[in-house]
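Next, two complexes with chain A in common: one pairs it with chain B, the other with chain C.
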Partner chain A sequence: MPGPLALAIWYVGIVLEIAFVVCSIARKSFFRYLFLNTYFLLGLGSDAARYYFLSRFGQSSGEYCYAYFYTDALLTLALYIALISLYARVFGELRFNRHVRFGAALLLLGTALFSYAVVAQSEKRLTTDFAYELSQNLYFVGLVLTYILWGAVLKLRETRTRLVQFILALGLYFSAYAACYALTNLSSRYSVVQYMSGAIGCLLPLTWTFTMLRHTEESRLEPARLLAVAR
Partner chain B sequence: MSRKLAALALVLAILVCSMGLKTALSTGHADSAVMVANGPAPAPTGPQPHPTR
Partner chain C sequence: MMAALIFAVSVVTLLMFFVSYCRSLTAASSSYALSKEVRDVTGIHAFASGRDFARVMQLLQLCPERPQDRLGLRAVAYYFEILNLLQKTLARLTPSIQSWAEQERAGCANFAVVALDRRIAFSREILAQQGEL
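Right, the complex of A and B next:
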């Protein structure tokens, strides 16, 4: 079993995931943000599966490793769909929904083909390697898409506070994981890096729950102010 | 037709940017660390999948 700090971070994360779903239901926004809620519900299911394998086989077992990376692939796919749902909301008023869906499907297909090309030689563990590679690649596609969406939010002068905060939080989350990934490659021997990914995992449910609690659907702000510089 | 080609070009550009970013962050090594994302669960410490290895 992992140490008490890692377990504490995990429990906090689970509580925050539940909090987001509960807040959505309480604020009558569950179906409005269905894909965000689905992501957290799948996250809770993944946590349950991971806990089962962790307590039964241990953190260094192959079973936990498989459970971890298969659920990770599923969650990355769910997060990608959640991100596309945010795209659909931003571009919804411009009636670009069809184009967004088509582009998202095309991008997913392209990522899947690219991932398959990378793992095609692996005959023994093709499914596992493909799930792992797709998850990793889709993650970076999501990172780039979030920045593009933020550019669109600024360009279109999006004013819906919740939507803006959700996108900003997602950008922060993706960027923090990317930084953690780079740091792991540079200095994986430092134990603090091991706790970082768990702590970052709490960031998204925390910021989204805060947004859901603090702002209503009618709240508006002006993201153009973020670009203002002191003269 | 041109719209479809534009969409294809955009998708390819995003894919190239993403994979470029991934390579840059992995500091150019093929045997780079595994990205552990999605959720606060502790990452496995055993042997991890690595197709490029």
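Right, the complex of A and C next:
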């Protein structure tokens, strides 16, 4: 079993995921942000599955390893779809939705093919390697897509506070995760790095719940104030 | 080498998203009309300046906490510290950064004043509910 701190971070994450779903139901925005809610509901399902395999087979078992990497790949895919739903909302008024969906499907297929090409050489554990590779590559694609979406938000002078804050929180999450992955490769011997990814996992439900609680769908902000430029 | 490069790039993007996120928080409170009570308590009549931030944060601690404010206040407080650091270092060399940082610090202070206003209203609501009981 993981240590008490890792378990505590895991429980906090679960509570925050539930909080987001409850808040969006209470604010009558569940279907408006259906894909964001689906991501957290899948997250809760993954937590339950991981806990089952962890308590039954132990942390170092192959079963837990399979469960962890497959649920991780599924969650990354769900987050990718949630990101595309934010794209659809930003570009919705420009009637680009069909192009956005087509582009997203093409990019996903390209990422899956690239991930397969990378792991195809290794014969051992091809399926888990593929799940890990796909997850890692989708995180990178997600970071780049969020950056592009943020550029579009600024260019289109988006004013919807909730939408802007959801996108920024996603950008924060993706960049923090990428930094954490890199730091793990650089200095995995420090125990603090092991807890960082769990803590970063709490960041997204925390910021999104905060946005859901604090702002209504009608809240607007001045787009000019979002540009962080020293004049 | 590659990991160090990815780390550096992701820290830069993290910082950029953090600044933008904090700006979106402060921008959301820029058009808020302050109540008479908060204007009397703080002595701020139109728009706060960066120097007011620490004082307003102390006043905030005197009021009961609103769960909706907690994360925003913490994020803005970190942002304010980054701006202070920027003013003490890089902004000394570039006047445009100096004025931009001061403008941002004022935005942070304004966010804190709006939070104080909301907390005062929240305290009044609690008192009114207790009075009814």
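One rule holds in what follows: the second predicted complex is superposed on the first by the 224 of 231 C-alpha atoms of A that agree within 3 Å, B and C clash if a C-alpha of one lies under 4 Å from a C-alpha of the other, contacts with A are read in each partner's own complex, and residues count from 1 in each chain.
Everything that follows uses one rule, which is that a contact is a pair of C-beta atoms (placed from the backbone, for glycine too) under 8 Å apart; a residue touches a chain by one contact, two chains touch by 3 or more.
Just so we're clear, the structure is a prediction, and the values are computed from it rather than from any experiment.
Within the superposed three-chain model, A:178 lies in touch with chain B and with chain C [touch as defined at top]. Residue contacts after overlaying the shared chain place A:56 against neither chain B nor chain C. Look at A:143: by the touch rule set out above, it reaches both chain B and chain C. Legend: residue contacts after superposition of the two complexes on their common chain; A:186 is shown touching both chain B and chain C. Applying the stated contact rule after C-alpha superposition, one finds that A:32 touches neither chain B nor chain C. In the overlay built on the shared chain, the residue A:155 is in contact with neither chain B nor chain C.
In the superposition on chain A, A:101 makes contact with neither chain B nor chain C.
Of the two partners, chain B and chain C, it is B that touches more residues of chain A. Of the two partner chains placed around the shared chain by superposition, chain B is the only one that A:114 touches, whereas chain C remains out of contact.
Touching of chain A by both chain B and chain C, each in its own complex, is seen for residues 143, 178, 181-182, 185-186.
Residue ranges on chain A touching chain B, taken from their complex, read 2, 6-7, 9-10, 12-14, 43, 46-47, 50-51, 54, 59-62, 64-65, 68-69, 71-72, 75-76, 79, 99, 102-103, 106-107, 110-111, 114, 118-119, 122, 125, 128-129, 132-133, 135-137, 139-141, 143-145, 148, 177-178, 181-182, 184-186, 188, 194, 197-199, 201-202. The residues of chain B lying in touch with chain A in their complex are 7-8, 10-12, 14-15, 17-19, 21-22, 25-27, 29, 32-52. Only residues 3-4, 6-7, 9-11, 13-14, 16-21, 23-28, 30-31, 67-68, 71-72, 94, 96-97, 99-101, 107 of chain C touch chain A when the two sit together in their complex. Of all residues in chain A, only 143, 147, 150, 161, 164-165, 168-169, 171-172, 175-176, 178-179, 181-183, 185-186, 206-207, 210, 213-215, 219, 221-222, 225-226, 228-231 touch chain C in the complex they form.
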